[in-house]
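Given below, in the form of structure tokens, are the structures.
In the two complexes that follow, chain A is the common piece, with chain B as its partner first and chain C second.
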Partner chain A sequence: MTELRRLREAFRTSLDLPPDAEVDDLRYQDNEKWDSLAHMSLVAAIEDEFSVMIDTDDVIALSSFKEAVRILGEHGIEFRD
Partner chain B sequence: MIHPSARLVDAETGRVVAGGELSGLVAAAADTLGAVRAPGPVFALTPTDVDGVVRYLGAFAARRAVALLDPALPALPGLVERFAPAVVTGVRGAAPAGYRDANLPGLGPVWLRTGRDGVAPHPDLGLLLTTSGSTGNPKLVRLSRAAVRANAAQIADSLGIDGAAVAPTTLPLFYTYGLSVLNSHLLRGATVLLEREGLLRAGFWRAVDTHRATSLAAVPYQYEMLRRLRFDPAQHPSLTTLTQAGGRLHPDLVADFARRMGGNLYVMYGQTEATARMTVLPPARLADKPGSAGLPVPGGSLAVDGGEIVYTGPNVMMGYAESAADLARGDELGGVLRTGDLGHLDDEGFLFLTGRAKRIGKVFGVRVNLDDVERSLAAHGPVAAVAGDDRLRVFLEDGDPRAVRSELAARLGTHVSGLDVRAVDRLPLLPTGKIDYRALESTA
Partner chain C sequence: MTVFTLPQAEKERLLTKQLTELTAHHRAHCPPYARMLAATGTPETFGSVADLPWLPVRLFKQHELKSIGDDEVFKVLTSSGTTGDVSRIHLDKAAAATQTRQLGATLQTVLGPQRLPMLLVDSKGILKDRRSFSARGAGVLGMATFGRSHVWALDEAGHPDLPALREFLARHGGAPFLVFGFTYLVWLHLYEVARSHGLDLSNGILIHSGGWKKLVDQAVEPAEFRRRLAGDTGLSRVHNFYGMVEQIGTIFLEGPSGGSLYCPDFADVVVRDPVTWRELPPGEPGLLEVVSTLPTSYPGHVLLTEDLGVVHGVDDGDWPGKRFSVLGRLPRAEARGCSDTYREAA
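Up next, the complex of A and B:
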């Protein structure tokens, strides 16, 4: 739960969304605030928050909230509801 | 300006437009624009696609002054009112007052001015570009056709561009650096790969590999992206060269990318007021001239006057335009540009930039007038804006920094990470009562 909350917060901060914004279904192509600058900010925020290094393919693949969960899962970070 | 071997390739569709087909499309657009009776410039909303490039080249071939504009420009209605274009190409949506919708051969949907009155632009005038992104009421930079051609050749010579070069678009074509990549490659019969997705998408790198791109043009924030992507040229064997402009690149990044590219990094300096490029640092001198912006492009020269860099060359603008009447004016600068940048030249003539004489900042490569920023935030109480490294710093006495940051990002059309907005008890003042910007700039 804590991990999920931290990831949601990273998305809200990077995409400049309100604190109560629903982000679990966010996808790159649907959100106009999610441009290339926001993307770099988001990758940086996730790397800092979870102390991981996201590799090149995953920086490019990170195109949705769910994809971020998958990528972090590969780094051994578990998300439980 | 188009070499007979020049090619356009659309990255998404793979469509190749070259030779007789390209010249035919350009001629068709030129014929139609030549037949537009109303005086005034052509406004070309320019997406990164074949049609957008053809409309630009067609206007140039028809000897009509053409303004290249962001298709998403919020300031468009104001610009149309101020500059009274004869025709607006690349439009979506209904024509504003004084214009009618039309669908013209070689151009597609346009807005045509209904009246025949108005000001004829000066015959030398070829290209109009905005000085800043989407902020406020942009001025237009007036560039002669000769200046556009001269700078394309200066750049092609400095970078050694030939018919084998393949350059993907990494920047918008209505932005001086992006346009200079197009012009300098078309001039020398090279290939321009029209790519719209950008460095962070898998499609971009597939296009680089499929079409064997040989160089990438990038501004400082894109170098930060490339670093984060752990860009490795060994994975893209056709890519041999990187070029950089659009503001100072941090010396660590210069050294880093010079190393990655085996030295093939071109650090450059320019302004829209000089069409695009004024200096290029030869890669062979990266190591012994760290921090330098290089030597003038062929045909250009530099001088320092009272600390300000003054550039002289065939690519300098005719002047600015704030209204339709200004478009009729001739060359007001005589090839001499006071850049507003501070710096010095070393004993070999290499340029070193140290700062700005004017109150101008940059956010992700887009020029921002700091006084405009302060005026736009005046409702929040005392406020001061200073330039950071490709970022903006704003200090507030009252008001909520987070809300101001969101508001300003929306107005500038940029991302909030380009803005550092902080609350302070009191803005520091000089004995004269003016804001002490030096003190704010030195705040970590």
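Up next, the complex of A and C:
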């Protein structure tokens, strides 16, 4: 599975979204399922999936799918379709 | 990284300017606030932080006060007082983002940039109904952001979960870890268990809040709390904090050597005489006023609390600025109207 698909999957599972949900444009402030509890599951899921440790500033900054891509990029994970 | 950097004179100058601008902003965008200031003949410029017009914190329980349009409301935070009155605090997206970021910056002063393994001295049960957390649930969850690999120290019935504690310590106890809980739960359920079972908490950093009221029966004073935690469990990095939902994101944090709370660069306290409203000098207890530049979406930037406090000193402690203690609630603060309460305190 590509990195992008793994990240989409982590978002869908943590935010309890259907398997075919579009998540690439997802933002914290626009999705009611993305509450603070779901946020912690999402952070944990991303950390597990990509074997990274996200620091506090990035946990706070992780407010959209695109931000997650950026943060993981800083950990050396490249995203291609 | 730290947000405890400004000596008092510099902070006073900066905050007077920023809070004066914020007062003008709320005047322009919150009509009930503008009416209150007009009715009391409030000027538009202020010579010091103590000159700024304050609102009693209870006003947020009685009135909807916000400086944003209905369509800009992103989150409404509520907190219940003991009588069931509920404060309603309206945040737009910008204010919500700022409060999380500044709370993070404040806590990173003592936690560092990494999220540490975290022991939550509470029970998972408080999060059961995800649509209506208690204030306690919201507090725990807000703090959980700053940790990782979370473990609950209490089982669902609220009793200490000794196996979970032992497992957490076996896995994470050899390096710094974060402990968060309400003061009375830490004392009743973590301290007692750790002491009687000889658990080693010496790598822990404890962040706790919620006041000492419930510990009166146990006769534990803040100094005793620190002394016994350190002596009996090794937990010596202990930081109490004071904050309220009406100034969400702003917390006043106990310094490393204990005994005093400090104000982050974007906030301050003023202690007032409850009869004359005059600002009191260090050493004299009075009513606590809290100021912060974070409330941009509601006029909560200058609030008179219902707590008694005392400033211990200025620019003479662990961090610059004022250091102070909260001495407890004004007697029967919830039960009566403001004027009665203040008269009684006098």
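Here is the rule we use: the second predicted complex is superposed on the first by the 80 of 81 C-alpha atoms of A that agree within 3 Å, B and C clash if a C-alpha of one lies under 4 Å from a C-alpha of the other, contacts with A are read in each partner's own complex, and residues count from 1 in each chain.
The rule we apply is simple: a contact is a pair of C-beta atoms (placed from the backbone, for glycine too) under 8 Å apart; a residue touches a chain by one contact, two chains touch by 3 or more.
Just so it is clear, the model here is predicted, and its values are computed rather than measured.
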Margin query: Contacts for A:Glu74 in the overlay, against chain B (first) and chain C (second): which applies, first, second, both or neither?
Written below: neither
Margin query: According to the stated criteria, A:Gln29 is in contact with first (chain B), second (chain C), both, or neither; which is it?
Written below: second
Notebook entry, point to check: Taking the superposition as given, does A:Val59 touch the first partner, chain B, the second, chain C, both, or neither?
Noted result: both
Notebook entry, point to check: In the superposed arrangement, which partner chain does A:Ser41 touch: chain B (first), chain C (second), both, or neither?
Noted result: first
Note to self: Based on the A-chain superposition described above, do chain B and chain C contact any of the same residues on chain A, and if so which?
What the structure shows: 35-37, 39-40, 44, 55-56, 59-60
Notebook entry, point to check: If you look only at chain A, which of its residues touch chain B in the complex?
Noted result: 14, 16, 35-41, 43-44, 55-56, 59-61
Checklist line | Complex contacts: residues of chain C adjacent to chain A | finding: 74, 93, 96-97, 100-101, 104, 107-108, 111, 113-115, 127, 130, 141-142, 144-146, 148, 150
Notebook entry, point to check: Which positions of chain A touch chain C when the two form their complex?
Noted result: 29, 35-37, 39-40, 44, 47, 53-57, 59-60, 63
Next item on the list: Quick one: which bits of chain B touch chain A in the complex? Just the residue numbers, please.
Entry: 198-202, 205, 221, 224-225, 228-232, 364, 405-406, 409, 414-418
